[in-house]
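Note that chain A is present in both complexes that follow, paired respectively with chain B and with chain C.
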Partner chain A sequence: MTDLPTGIEPQAAPTVPLLARLRRAGETALGTLLRLVDRPMRLLQRLIGERRMAYVFLLPNLVFFSLFVFVPLAIDLVFSFTGGESLFPSQRPYVGTDQYAYLFDCGSFLDPASCRVDHFWRGVANTLRFTMFQLVSMVAFSLVTALVLNMRIRGRGFFRAVYFFPVLLSPVVVALVWKWILQRDGLLNAGLTTIGGQKILFFVDPGWAMFWSVFVSVWAHMGFYTLILLAGLQAIPADLYEAAQMDATPRWRVFWRITLPLLWPNLIVVIVLALIRGVQTFDEVFVLTGGGPGTATLMIVQYIYETAFASQVQNFGLAAAASIVLGVVLFLLTLAQLSRTRSAS
Partner chain B sequence: MKPIQLLRARRRSGRWHWTDIAAYAYLGLGVVLMFGPVVWLVLSSFKTQASLLEFPPSLLPLSQQEVRVQGFPQPLPLFAATLDNGERRELAQVRRIGLIAQMIDPADPKQQYRVPTAKLAPVRHLSFVTANYTEPLQKFAFTRYLWNSVFVTTIATLITLLINSMAAYALSIYEFRGKTVAMLMVIGTLMIPITIILVPVYLVVTKLGLVNSLWAVILPGAATPTGVFLLRQYMLTLPRDLIEAARMDKASEWQIYWRIVMPLAAPALAVLAIFSIMWRWNEFLWPLAVLTKSESFTLQIGLNAFQGELQTQWNYLLAMTVVSLIPVALVFVFLQRFIATGIANTGMK
Partner chain C sequence: MAGLTLKGVRKAYGTIAVIHGVDLAIADGEFIVFVGPSGCGKSTLLRIIAGLEEVTDGEIAIDGLDVTRVPASDRGLAMVFQSYALYPHMSVYKNMAFALENMGLARSEIDARVRRAAAMLRLTEYVERKPKALSGGQRQRVAIGRAIVRDPKIFLLDEPLSNLDAELRVATRKELAALHAEIGGTMIYVTHDQVEAMTMADRIVVLRGGRIEQVGTPLDLYNRPDNLFVAGFIGSPRMNLLPVQVVSPGLVRLSEASEPIKVTTGSLAAGASATLGVRPEHIALAAEGADLALTIDLVEQLGGDTYFYGSAPGLPQITVRQNGQALRGRGEALPVRFEPAHLHLFDAEGAAVRPGR
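Take a look at the complex of A and B:
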């Protein structure tokens, strides 16, 4: 066949939409990658057999896990039994349990001031206080919000999004937003003075600093827990409620007898997750208060970070010992979670 | 929806219970409390340094109006002045001597007035100061931070998607010796957060020669247990016949993974991609520990360093914070639903 002249000159290629062009480029790149990797992979497959290819696929991920999780965990233990200032384990003298003894050298565990490493114990006390307040308010607010969002509400998607969006914000942004509102000449103090109050220096008063740390943390993460509870609420069969309505059961009784028991597994998940997160609290509080005033909002993780990286003498051994202690606490909490979720399912 | 419609709609479907009113009140309060702070941040980010220092703060970004008057090279600030005879006029201020300001009428520059400063009120109008956004681009390493964050987020997400999907593929499609051990390893990593291995990961990164390089931020978190679980759960649901058929056709295992399983797992990959982008963009503690040179700072570390400086320039800080919010806002607007279902299904974030 010959190309017959049609009288119409071939036009310049119609401008391909950018998105389509990008997509084509992406596909070519992926195709090239496939061809590049496929040849050696095929060879490998011939050598070791089809089923053992599983190890090949597993390998990269496990290398990462080993290198950045398991090996470090082992080194963490080594660190906690050595002293000196060097980062390299070979140059660190073995000191036995000295680091732990030093860490636990306390007149009374109830009084951080009586401890030799008083900042660590301040951190422990603050973290405990923070975690308790945060846990109670987190569970309360996320439960109420989930219950409200589960009602026959207009614009439910919108309201759900409203409570959820701070979850996506970075801790630095969350802290800066609130720092801006709470500062001396900020919005909140403006509100206080217009209703006739006095300005409050929120970050100079230890009580207020702790209050706002908890508040901001609840503000930022409440949406996450609300979603978990909402999923639980929506899984409760509707006919249970219909039956209760038939019997004209009062609402509070429906809540105690139907909603709460059936929501219990999700509530446990929320409680344990909030506990685990609470114990690890660092970023929001660190940016918001810097641990201050003094050491009023210094948390364990901030203590570890500062001992290892942000102090004059980098005390890696002490930081490692402190993180092993934290790790044991977290491990116990996670075990509690696993046993609970297993018994629930 | 208009409130009136809302009320009517509710009435038709049944009587109002006090809990309904309480619920709407709670939700209304929630909107103010959750959105309010971010709206306030965005509004404030458009104010001048001077109006940021004002107390009480104005709600909207206002700035003083200025006029050009013949014979004066600089634009002069405009005030509403109350004159001795009680008349109110808009005058431009030439200079201020003690408590008396020397003013002129912009319309008639020859006419001069001397007005006590107590009788002056600045004429202000709504103006959005975009200089807060453009100046940091030149003055600070802001573009550097931004680029670092984009680089870390993109590369880390790609690596995460690749190695997590490979592991998930192995754990969902094959039966092999040591599978249980591999699963236990994945679960194990869930229990070991970065907070407790901060020091030794720093050692590993130092040994690899990566301190102050962006790879030090990218690599340690690349393999995620959450991602492996998420993808594995999804891949378990894929039809096995498809894979068997491909094997019959002499497709290699890599081809099956890349050509068949990956495209089919696209929805799960999308969810993981969103998660990974959020994790990486917002990551704080680890970059804070490992990045000490300001040219390798990510946006979050840069913001933190900036707010810690002695004289915080809030106008720039607020604007940069808003910029760092943009990707998050985009994810929120377009992909909120995915994340919500992801969390509801896995209980992880």
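Take a look at the complex of A and C:
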């Protein structure tokens, strides 16, 4: 072997691009880290066995999940059996199931006015109404939009982005934007007066307030559901439609007998997710209408929030009991989703 | 059942033409096979006939009736897809009944037709199952059943056996041939497998690059290929194609050193380059008077037949097929003689040279 010519200096070597250097540095650091943890992990695996190692890997996430979900849930449960105004559990007297009894003390569950905690039951009634309208509109609009966006139309990519864009916005931003449009001197009323119409006080009329609450919610979230349905539509093999064409199948029958059944697993996901989201609704409606006029758009979560934090007498125990009731409903809905998704697939 | 006529059918995607003016007449009750290598346009042509692809130019007629612009649903044809395209959420029964419901037939009529087809295809015990609970062969039969129940004018089959294993493919091939004999319908079958084409077809349409290379009965194509492509494509093992030079009318030579070989040279002039085609079974082992001396590169013993793969200087590898078990080994000399009655000659453009041409 001969030595390199002396004229070649080290700096004459080709420059390594920055990204490649970063990647190499990252790989080196990762390699070092892996070598460091390799020996203790092997030792641990030998001690506890391969199967239990799964729990070791789950542990970090479980710690955070416990800290921010399970522990608050447990505190909430404890609070629901206590009374008083203090935030510290040690200073809260045990009241048993009094909060639940108080919550469920109703002459008729169909008439919130007959309940001792009438705002809670108004919230329940409003949430049910909101969820029903929102669910039907959400599924219908998402399905139609997904069907259209699945067709070979001009500017399909643009429209897919447009429909998804509101999903990226914060619910508060969405509500504020629509509030500016819908308020007394907002864009919509300006438009109405320009064409010779009269101003409509959308947030004063209970019907309009509920309509726009549902509308804004659908507008803000349908992009997400459209995406789920679009993915489902694209997973249906094209040759099934060609077979249906050869079978002389009318278009409506293709939809009912082929598209809809094959889209059913995705539709179930959309229905259950929209249902859960409907029951949980708070921020958009709160910013848009403040629950008004009166209690016309007061939702359960808003009631819980106001009972615990925004009223003069902070009733944490009652709010906790109401949130446990809501939690049970959501838990049942989630179970329903899991079981339906499993059976559909 | 019905006949089909294609006149100057062309298909282009933008500026890319994939079918270049196809003319073809298919008689009522014929079993026609479109065969050719991948990308030759055979599936596209089938889809054009089905109405799943629009033609760029030309005319399609079924029983003399122009259907060029008639949608697929109104052509009265049935298609068996390569993927079978069974509706996964419907039972076998409902898959077969679906098209009949579209036709508005009475429930009793639908039931009778589905049960008859299921019995014919040995599917009776599976009618309540969904496609995912069936084997590949059973799914394939359901796809055929779905076509049969409609009693279509023409059956279109797009590589229906390609997803089956070799053994099942042979069995289903026989079943399809028997089915055609039983129901007597016009069938157009697409495959890239020339063995399927040879064994099933009344007539074969050989396609290459969106053009028909030759149409004929399997033995027509085997015995009298019109050109080099058909000669090489039809037959397994493929025909040996050897470069030759015309010595004089009726005589060609493989090389300066070799003996002249008698073959029809048509109008080819002395000195013209050509290609001599000879099938492996038409090369005999010669004790004396050999046309060519080969050296054996490889021997394949199939029990009933023996294949020798031999080479000679300046020539491509030559396949020789011998009946029975010929006991010769690699590296041995193999003097051979071409059977003059079975030689083919192709001119420099690849067209077959016929007597007087």
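Everything that follows uses one rule, which is that the second predicted complex is superposed on the first by the 285 of 345 C-alpha atoms of A that agree within 3 Å, B and C clash if a C-alpha of one lies under 4 Å from a C-alpha of the other, contacts with A are read in each partner's own complex, and residues count from 1 in each chain.
Assume a contact is a pair of C-beta atoms (placed from the backbone, for glycine too) under 8 Å apart; a residue touches a chain by one contact, two chains touch by 3 or more.
Predicted, not measured: the structure shown is a model, and the values here were computed from it.
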item: Side-by-side fit of chain B and chain C on chain A, or clash; value: fit
item: More chain A residues in contact - chain B or chain C; value: B
item: First, second, both or neither for A:Leu176, with chain B first and chain C second; value: first
item: Which of chain B and chain C A:Leu262 touches, first, second, both or neither; value: second
item: Chain B versus chain C as contact partner of A:Thr334, first or second or both or neither; value: first
item: Partner chain in contact with A:Arg253 - chain B first, chain C second, else both or neither; value: second
item: Which of chain B and chain C A:Ala243 touches, first, second, both or neither; value: second
item: Shortest CA-CA distance in Å separating chain B from chain C in the superposed model; value: 8
item: Chain A residues touching chain B - in the complex, by the definition given at the top; value: 30, 34, 37-38, 41-42, 45, 50-55, 57-58, 60-62, 64-65, 67-76, 79, 87-89, 144-145, 148, 151-155, 159-173, 176-181, 185-187, 189-190, 193-194, 219, 224, 227-228, 230-231, 251, 269, 273, 280, 282-283, 287, 290, 301, 304-305, 308-309, 316, 319-320, 323-324, 326-327, 330-331, 334
item: Interfacial residue positions of chain B with respect to chain A in the complex; value: 1, 6, 9-10, 13, 19-20, 23-24, 26-27, 30-31, 33-35, 37-38, 40-41, 44, 53-57, 162-164, 166-167, 169-171, 173-176, 178-179, 182, 185-186, 188-193, 195-204, 206, 219-223, 228, 247, 252-255, 257-259, 278, 281-282, 284-285, 288-289, 300, 303-304, 307-308, 314, 317-318, 321, 324-325, 328, 331-332, 336, 339-340, 343-344, 347, 349
item: In the complex, chain A residues that touch chain C; value: 237, 239-240, 242-250, 253, 257-258, 261-262
item: Touching residues (chain side chain C, partner chain A) in the complex; value: 50-52, 71-74, 77-79, 81, 83, 85-89, 98-99, 102-103, 146, 150
